[in-house]
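Okay, got some structures for you below.
Shared between the two complexes below is chain A, which pairs with chain B and chain C, respectively.
Here is the complex of A and B:
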């Protein structure tokens, strides 16, 4: 065989292999589409069947155990479950009970493989939110698959299974940021019931770890329960980790309790600029007029972020705008620039100009605009 | 004597909602036609052959309130019930402002929806 013949044969083999591959992929896609279409058709039929049972108490159309084990039936059941409230949900629970839907999904979740089926089972149990699955979902909060853990927490949250709160919080230090964030979302669904378990966890652990307590503190802030303010003030007093302190300061600002003002003023004097900067913002968030002096002192801070946050905070605190006007005319040009930027962003400059145009200025308006021109803003 | 069944148009892009409402309304003796987007709902409803329309606010093509607006401009008198999301207070108010006779929040109680439909058709 000549070299040319070998080359031609190789090209032919490569071409044939490619053609086979493409044909295989097309066949695979066709099969997949066909399966998806059949699944959708069955789901539509099941949806109609389930709807008849939900809306007509004496419906005699049969639902068999074989139907109930079909993934399309489960999808239909979940969709209808999410569309209705009230006694219809009990009718759906009756269907779930009679046909062992929960037990089947629990068995699938407990099996080792395939992952897709386990995941589908976890989602189904989470969506159905049936309390009989609570124990299984609790077990799977520590599942080897992150998405299964997320679904387990979601399901427990959906059924407001309060014993799960401690178990979810306890997972904070070992979870990846993504899973931890989803767990935090779930805890928000529990509302104020999650406040004290989170506080207990933070109190015990903030000396030993960082990520878990920081996530728990942020969750407390998002919950917005005023009860968390005092315990967080205590955490702030004792915390040595700077990230924990920053998260706590931010949370106290978001909770908006004036009780936290003294603790935040202390943090505004911290040696760490990140802590000072966050404290300025938090004091602005709670709008504590008694802290106006310490925020104004932040305008002369050596760090740009602290000056910027202090200036922004002053626009939200009573008497703060006057202090910013004073800074505009002061010797510290960095403070003057921070003040000019904050006043402009807060709309104070525009409002002052408008009042001047309308002939009804406040006492400070003319000075503000003149000094602003002096600063070059 | 044959009693004529009342005709209801259900416009919702969720197949679950249209299937559920079809089952509920048909079991109550109504004749139901469904549409899966705003444009189709508008086209089917503009002829005025329905006794009642149940329409979802968030649909592809045209929003529910846009459909009501157009029908209103064309002088259509068919009563409309709007389906809205649970946290969608603005739509609930806007839909009444635009001439809808009622609104129902999703997820809903089927008997309550049927009672509202009955009330409108027998009014």
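Here is the complex of A and C:
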């Protein structure tokens, strides 16, 4: 074959490939458009049909098994499921059971591929929240695909399947941060039932791992169950990992229990600036007026974050604003800066100006306004 | 002798062309695989759970503004509607000579405050800081003029959150773009230092109240060509680079940056015409030099819309500026090029950037110039030349068609008229328009054409964009 023949052949192949690509693109766009239109139309019809069945127990409009395997029917079921409450959910579960919707989605989830179909099945099972799928979803908490694991946990959370709590918590150390975050969201849905499994997990594991216990502590904080305060104080006392301590301090602050004040005051004297900074914020969060001296000492800390957090904490503690005003006129320029920022952030300046305008100022208001607005006014 | 020179030049250009097409085919295939997975996850994944999650990190949206009076208020309002649980907006007024500052103060009820400003990155002097007390958590930094990079650095200094979305005042954010970009951060907070988004031309689309209602392909050829270019760039190459953790550029119009990492490398470089590419490459270099695990990723489903030049005059200025930015970056990062110490960034993506972006206009122009010479000395085989030109045009068309196929999963531009406009554009793009950009890039190489630090677009404001045809 000569060079010119090779060139000619290459050109022909390229143009044939381009013709195929153009045809493929046009076909794909046409198919997508028409499929989306048909899907929308069928889904609307199915929603009306399912709604009739949910509303009238004796509805005789047929739902065939063929319909039940239609993705549009599944989408309609999910939409109706998210719109109904009480006895209507039972009726809907009846439809789902009669037509084998759950079994079909379970089979799709168990198949090896394609990814899109497995994901759709996982989402459907999670959204429908039917307890008959609980065993399958439990199996798929360890699925190879992260998004399937997330959906499995979400489904179990939606049906409040409490045996799943331990299984979800046990996955914390092996999961990616994204999946762990979504698992934590699911656990929040279980409410106080998740508190003790999380505490048990933290107690056992915080000496050996970091990521899992930290995520579990943050979940506890978000749950806001006061029962967690005392166990967390014990964890704080024993923890050796600085990240675990920081997460625990933050959690204690968010739980807001005054019982944790002594433990937090200890942490405010830590050699690690991150621990000190977090302790300042936590003490501010629980609003412990007895700690005002130790927070005020944080204004003179060598670290910027500690000063900033101490100043912000003082705005939330009784008597703290007076200490900030004192720091504004003090010798420590860094403390004055931190105080200025915190007072501005907390809206104290605006409040002081308002009181001055109303003719009922506090003793500190004039100084505060002059020092913080004077420059810009 | 001249025959031999022409023959060898021809061979060099042919090998260059084959290498470039091979590289683009590889990127297209790798991107297709990456996009297929993100498409499924984007369709079925429940990203909205981030809205109620306590684990979602807060973000500062940093908007540099210079003489943006026409649209800054609408832009900030539009951005304040982005779906994200916790964010602040930091606007930096870079010494505007119009009413940008006054309009912002009035619209958002801002008050001047005397809070300390931490100059983690050196910037031009700060004249004042303003804060709002309304529903929008907004901080306005008024500073002396210093250019876009300087304004971004001031915004990063004032940002309170660990991640900053650096964007422009003339873009429309898709409501979910920040969530989608931050999903990549949450996946791996330790290592993720930057996330780039998918930028799409806004021209021709319909807007209402700062939101995109209907995306369509513009009628004008100049804007339409850029629609195709953007699709090629953002869908047929960046996903592949991202998969290899070798993304050489996080676009300035939409980039989520880890604040501490940006500060560690000294922020955006003042006066650099490609400050986004420069920062991305410095982040690569810094982390590899210091053996710090990191990743810089691209998220195709994090979409923002921006107006692109619709006249050749403005487009010429923009392309000259871009190529100048690339030239500076090539010079700055030359030691990384083909350097195995810098992994795939040095040996593949940056090397390809130098070979196929920086040198492309020179090679392409050389190719066009030897044709008349070869013809004059009788060294041109007209038949072979014709077939080679057809192959070149065919491969150019194929690159565009592959990109359009990849774009199909996003569901934009579905009407028959949009499809036909894009197909026609793909066919005619290589018949003149591409050659014009080669000439512009050559001008940039030889120092021609004036450039502006603050870009080339005429400011019209996001609210008025949708009103134009």
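Here is the rule we go by: the second predicted complex is superposed on the first by the 336 of 377 C-alpha atoms of A that agree within 3 Å, B and C clash if a C-alpha of one lies under 4 Å from a C-alpha of the other, contacts with A are read in each partner's own complex, and residues count from 1 in each chain.
The rule we apply is simple: a contact is a pair of C-beta atoms (placed from the backbone, for glycine too) under 8 Å apart; a residue touches a chain by one contact, two chains touch by 3 or more.
All of these numbers come straight from a predicted model, not from anything done at the bench.
In the superposition on chain A, A:366 contacts neither chain B nor chain C.
When both complexes are overlaid on chain A, the residue A:83 reaches chain B alone and has no touch with chain C. More residues of chain A are in touch with C than with the other of chain B and chain C.
Judged by the touch definition given at the top, the superposed model places A:28 against chain C, while chain B stays out of reach.
By the touch criterion stated above, A:37 is placed in contact with neither chain B nor chain C.
By the touch criterion defined above, A:48 reaches chain B but does not reach chain C.
Look at A:110: by the touch rule set out above, it reaches neither chain B nor chain C. By the document's definition of touching, neither partner reaches A:259: not chain B, not chain C. Contact with neither chain B nor chain C is seen for A:98 once the two complexes are overlaid on the shared chain.
Judged by the document's definition of touching, no chain A residue lies at the interface with chain B and also at the interface with chain C.
Contact residues on chain A toward chain C in their complex (touch as defined above): 3-4, 7-8, 10-11, 14-15, 17-18, 21-22, 24-26, 28-29, 32-33, 115-116, 119-120, 122-123, 147, 150-151, 154, 176-178, 181-182, 184-185, 215, 218, 221-222, 304, 337-338, 340-341, 344-345, 347, 349-350, 372-373, 375-377.
Those residues of chain C that touch chain A in the shared complex are 37, 40-41, 43-46, 49, 52-56, 111-116, 118, 128, 131, 133, 183, 186-189, 381, 383-384, 387-388, 390-391, 394-395, 397-398, 401-402, 404-405, 408, 411, 414, 419, 423. Residues 14-17, 19-20, 22-24, 27, 106-112 of chain B are the ones touching chain A in the complex. By the touch criterion stated above, chain A contacts chain B in their complex at residues 44, 47-48, 51-52, 54-56, 76, 79-80, 82-88.
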